[in-house]
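These notes open a run of structures that come right after.
Okay, so chain A shows up in both of these, paired with chain B first and chain C after.
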Partner chain A sequence: MTSHVSKVVSLRSEAPSAPTFQAAETENAERKVDWVSLLVIAPAILILLGFLALFFYGVYQSLTDMRLGRPVVRFVGFANYIALMKTSDFWNSVRVTVVYALSTVFIEALIGLAIAKLFATGVTLARWLRPFILLPLVLPPMSVALMWTTMMNPQSGILNYFFSLVGMGPFSWISSPTTALISIILIDVWTYTPFFALIIFAGLQGITDDLREAARINGARSWATFINIELPLVAPYILIAAVFRLIESFNQFDIIFGTTQGGPGNSTSALSVQAYISAFQNLTFGRGAAMMVVNWLIVLIGATLMVRAWQAVRRRVN
Partner chain B sequence: MGTALLATSVAVANSAAAAEMNWRQFEGTTITWAYDIHPYADALSAELPEFEKLTGIKVTPELYPDDSYWSKMTIQLTTKSPAWDVFGTGIQPAWDLAPSGAIEPLNKYLNDPTLTDASYDYNDFFPALRSALTWKMEDGQIAPGEGGEVWAIPHAFENIQLFYRKDILDNYQIAVPTTPPEMAAACEKLKAADPKITPLGVRGVRFWSSIHTAAVSIAQSYGVKDWVMKDGKLDTGLDSPESIAFHKDYVDMIKKCAAPSFANDNWYQVVDGISSGRTAMAIDSNMFGFWNDVKGQPASGKIAFAPPLHAPNAKSFNSNIWIWSLAMNAASEKKGAAWLFMQWATSKKVTLAGAVTGKLVNPPRTSTWADKAWIDYASQPEFNNFVESFKTTQDQAALAFTPRVGFGEAMNAWAVAMQKMVNGDDVETTLHALAEEVRAGL
Partner chain C sequence: MDFTRKPITTLVLNVLVAICALVLAFPLLWIVMMSLKDQNEVMAWPPTFLFTPTLENFRVLFDVAQAGATSYGTIKVDFLTPIINSVVVSLGSVVVSLIVGVPAGYVLARREVPFKEDIAFFILGFRFAPVLLVVIPLFNLFQSMGLYDTYFGMIWVYQVITLPMIVWLSRSYVEDIPKDIEEAAAIDGAKPVRVVFHIVLPLLKPGLIGASLLVFLLAWHNFALGLMLSSTKAPVTVALLKLLNPGVQFYPVMAAGLVVTMIVPVILIVFGQRHLERGLTFGAVK
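Then we have the complex of A and B:
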């Protein structure tokens, strides 16, 4: 199928006898089109074009002064982007987005690795815990946000109650600009760490006992075995999980909007949240679209770097 | 404005009274009515079989949770979808939707005697409510004044009041405060007496709804204007000396009185606090106090009412209003049937029926407030001084915001600035930055 498809469109041209004849010869090139193959892959191409068209329509909207509720839409070029970049709030949103995404992915990878390692030991308690640890992952993010909002209430929340039992707190959690970002990172970590644990556990399961046995015979301690053998072997798994989670974290909306709506002040106003507020609460759709395009660029850069890292690690492991 | 409104109202009333209308003229039609999940919707839903019997029109209610309703409404109307025929709205969302022609102006229906029953009596609605829902569009902007169109019909409304737990204030011998400094002092006394009690429940979320209750009502008494004309040009008054004075008092009051979760508190947290007794006082929509006074509720009989706070040197208070109204989708393909439904739903009979079941509170018609059935119901001992406080407040109640397309953007920025100031940012610096942001959006 692959070779067949590669021959869908082929251009055959004779070697030019002189540079002056090149243009004419190109025009005369015989074009062979495999219409049947084109017909077969047409739906896929159409769907792809549909996705791309929607994306580029979004980009176009970011170049207009589109306001929901106003009939006239004018093309304003990069005015939305320029206006955004002149405000400190926008750069704050970029900072919040990047800090949120990188922190959550890093912490989730670390804890996920620890949990996966625990699962891999086969300890009875770990076996029992396995189904429960996955529970946060199957909860709708908005429910997670509402649940944590209640638990993090500085006065009546259960978290402060527990801390009070050991003489700590009360903490402001999501109600203070100094702790709000850390608090929502904590919620994300609670929700998505099981995803990392699951993927890394699968990676650890793929390592045969021969390797561990060989290391043990050669005198390696368990910690050294983990660092020098297991960790490099599961690194591609960690990185592929990180790629998915990084993309999701850059786009995270439900948890942030469901808990703080971007506040207090602008302390948790990630780009996705601020774009929603611009588009659907302030009705300045063009500006909201510009924020989403910037967010998309950040996702693209982040994901590209992670994929490259994953490819490099995989090559090294192979 | 008042004269113009009167002229419009009289014209509407006269022409509507001229002939008989046939309630069954759109028999067999099915229409969709969209609304927030709300006791007001419950009140109307309970009466729907009566409407269907009267007109032969079937009504399909589409009710959405509050958090998602407004976005859904914006999308539905701006995309010109004909799926909804009648929808519930407030005044402010209607300002942003009107320029695109998404909302059907209603004068022609009100003035058509074949479509409006002679007994409808549009002038029976409180003048402040009619005034708030009447304007014309000029160069894409809201222009209240002569010749305005009616854009929606009041269904029920809220005025902003201070409501409080009588049992708590009596227990600690605290007088009902009337100004922000008095409130701050009362809060300190309450906290000293019982640290577990939150003295005052106020909305603080990062959305203009947290401004439209306590903040804007009290701000008005300080002389704060959201928009002003300076040298013939529109400007914001949010960095004026009056605004700085108000914010200093208000922020100080919030710091001393509100829950630590202020930035996350919406109306449901305010209501939960007052009904559970964790909060001693609240400044919010008065009917929240009323609904918790209803027999059988845990706080029944414990919540009493007072007008909102005012500036220490002001002679009187101000109270903002929020009007739940019924509007018609301009893209509706069943406008006649939609109008009959709106007319019936806001009629004297349905308004009274909803009020005496304790749901359609506050009723928007003056005739309801003169009706013995409603007054007897609302004057029952468990509602304490609800009726008196309503009457006192309603005299001073009016829309506190300047009607304007783009209202949400500026007022959301105000809510964000309020959070910053409560969290310790300098009041003057924050207000100047807010004003610059608002000016940039003009």
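Then we have the complex of A and C:
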């Protein structure tokens, strides 16, 4: 059992809190090992380690020429990656993935902050209507995608009707390569802005009224109070929410697949959607796995940078 | 807040909140209206807000025997099987996760285990698992093990989503229970097992119900796993996408399908708003 447990640690040796291996071993010997407890957590850890093993198997598959129905699978090294990098489609997918993730997170953080501030004012309607914030988050992303597909229909969609009332449009939304990416970003913003709003709202609740009162008595205007006192205090909340959303946006599959399936052309073919098409429609599993590994590396880089920013901000606030 | 606002400011704030709520709720209202219209009304321009509601779309969705003959021409949908699939797989996943995950969550909160923090972090990391990279190798494995398109296989795979969530949530709920209660019982001579079953579990019950609601919801949401690892046992989210046949736009029937998939989550908000808020932001806010 301990061997499984220690494997977990060796996988993430970069963790700041991880004790060094040697020290942990001796510590173990000294303390009486609680076998019952280990036995109790073993099933959960074994199941999850199984998935971890599959992940590594997936990484291995990206180094093979695996296709469905091919009897012999050969190890081809980085051939899949090199072949991918030579195509402009691949770089387009990388661009779409990064643009999608960064713009959704940025817009959602801004609007989420505004909504959180609005609901934190505690006016009557804000208290009554707060459950509405949860609404987009509890719907299946696939349902959200299809819901917006009908509303964005260029001929009969309600969105074009609303825009026509103010003399704008008609827009082709997800049906045109020029507007498809913006349209799905819009859908993502509607769906996940509440996530930021909820977390920032929790952060604002943590700031005591005394602090605001003190600032007000010292003559600070409400805008100045917000910029100088509230914003720095909720900044760690905004950033941790951004870490979560950034990772999920990089991996976003349901919303893109449900609306455009990567099209029209390749205007919305994010890496995850393109990987699905390579693996399950073109049946080139090795190629698909390679794309997902690239996607995962982008997630890793993005998440690491965000976590750094979060740690820096939190240190400054403390 | 204590300090007073001008009445005009309060009014403006209330109006802004109302607009916000409208933007969040309108798409759902619109879909509900659409599901009660017929095909001509849905395709009409300008869109109609007043119409005679019909339940025809829901009949097409569930009436397997009559499905061929609709006013839309031939359309064959069987929406009942996917719903049953989704319910079986989601409930099964929640039950398995509770059995495996809650004890683990308790141990991670209360007992001394080597590398406890690392294990907790490892489990949290699964929230960010690149699901597709796990599924691609799993597809071949499932085919050769005979697990492709089975409830057993699906429930097992769903653990990648539900199990980390249950472990993490039950750990945080256990941490909320004052340690003194358990210590007092232990001093009175109660055995650890008795303490867990007679003191901790009853206190944990509301939290666990909330966690189960949330995890059921996550399983209900899932699309990618069902798309790639099942065909006849496909969940309701996959069946939805099939209603949107390219070329033939049966929007009203699809709208009816959307309403069905959305009813469940909306009911869950009514019952467990507080728990859902905590669960949805889990890991980011304690």
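The working rule: the second predicted complex is superposed on the first by the 266 of 318 C-alpha atoms of A that agree within 3 Å, B and C clash if a C-alpha of one lies under 4 Å from a C-alpha of the other, contacts with A are read in each partner's own complex, and residues count from 1 in each chain.
The rule is simple: a contact is a pair of C-beta atoms (placed from the backbone, for glycine too) under 8 Å apart; a residue touches a chain by one contact, two chains touch by 3 or more.
Remember, it's a predicted structure, so these values are computed and weren't measured experimentally.
Chemist: Who touches more of chain A, chain B or chain C?
Modeler: Chain A has more residues touched by C than by the other partner.
Chemist: For A:Ile174, is the partner it touches chain B (first), chain C (second), both, or none of the two (neither)?
Modeler: The answer is first: A:Ile174 touches chain B but not chain C.
Chemist: Tell me the contact category for A:Phe280 with respect to chain B and chain C: first, second, both or neither.
Modeler: A:Phe280 contacts both chain B and chain C.
Chemist: Does chain B (first) or chain C (second) touch A:Arg315, or do both, or does neither?
Modeler: Neither chain B nor chain C is touched by A:Arg315.
Chemist: With the two complexes superposed on chain A, say which partner A:Ser272 touches: chain B (first), chain C (second), both, or neither.
Modeler: A:Ser272 sits against chain C, while chain B stays out of touch.
Chemist: Contacts for A:Ser156 in the overlay, against chain B (first) and chain C (second): which applies, first, second, both or neither?
Modeler: After superposition on chain A, A:Ser156 lies in contact with both partners, chain B and chain C.
Chemist: Please indicate which partner A:Gly122 is in contact with in the superposed arrangement: first for chain B, second for chain C, both, or neither.
Modeler: In the superposed model, A:Gly122 contacts chain C only, not chain B.
Chemist: So, A:Pro71: does it touch chain B (first), chain C (second), both, or neither?
Modeler: In the superposed model, A:Pro71 contacts chain B only, not chain C.
Chemist: Touching chain B in one complex and chain C in the other: list those residues of chain A.
Modeler: Shared contact residues on chain A (touching chain B in one complex, chain C in the other): 149, 153, 155-156, 280.
Chemist: Which residues of chain C touch chain A in the complex?
Modeler: Spelled out, the residues of chain C in touch with chain A are 1-3, 10, 13-14, 16-18, 20-21, 23-25, 27-28, 30-31, 34, 42-47, 100-101, 103-104, 106-108, 111-115, 117-119, 121-123, 125-134, 136-141, 159-160, 163-164, 167, 217, 220-221, 223-224, 228, 237, 240-241, 244, 249, 251, 254-255, 258, 261-262, 265-266, 268-269, 273, 276-277, 280-281, 283-285.
Chemist: Would you pull the chain A residues touching chain B in the complex into a rising list?
Modeler: Going through chain A, the ones touching chain B are 67-72, 83, 87, 149, 153-156, 170, 172, 174-177, 259-266, 277, 280-284.
Chemist: Give the list of chain A residues in touch with chain C in this complex.
Modeler: Spelled out, the residues of chain A in touch with chain C are 2, 5-6, 8-9, 11-12, 15, 17-19, 24, 27-28, 31, 33-34, 37-38, 40-41, 43-45, 47-48, 51, 54-55, 57-59, 61, 115, 118-119, 121-126, 129, 131-143, 146-151, 153, 155-156, 158, 161, 164, 190, 194-195, 198-199, 202-203, 209, 212-213, 216, 237, 240-241, 243-244, 247-248, 251, 253-254, 257-258, 272, 275-276, 279-280, 285, 288-289, 292-293, 295-296, 299, 303.
Chemist: Which residues, counting only chain B, touch chain A once they are in their complex?
Modeler: It comes out as residues 71, 74, 77-78, 96-102, 140, 198, 205-207, 259-264, 278, 405-406, 408-409, 412, 416, 419-420, 422-423, 425, 437, 440-441.
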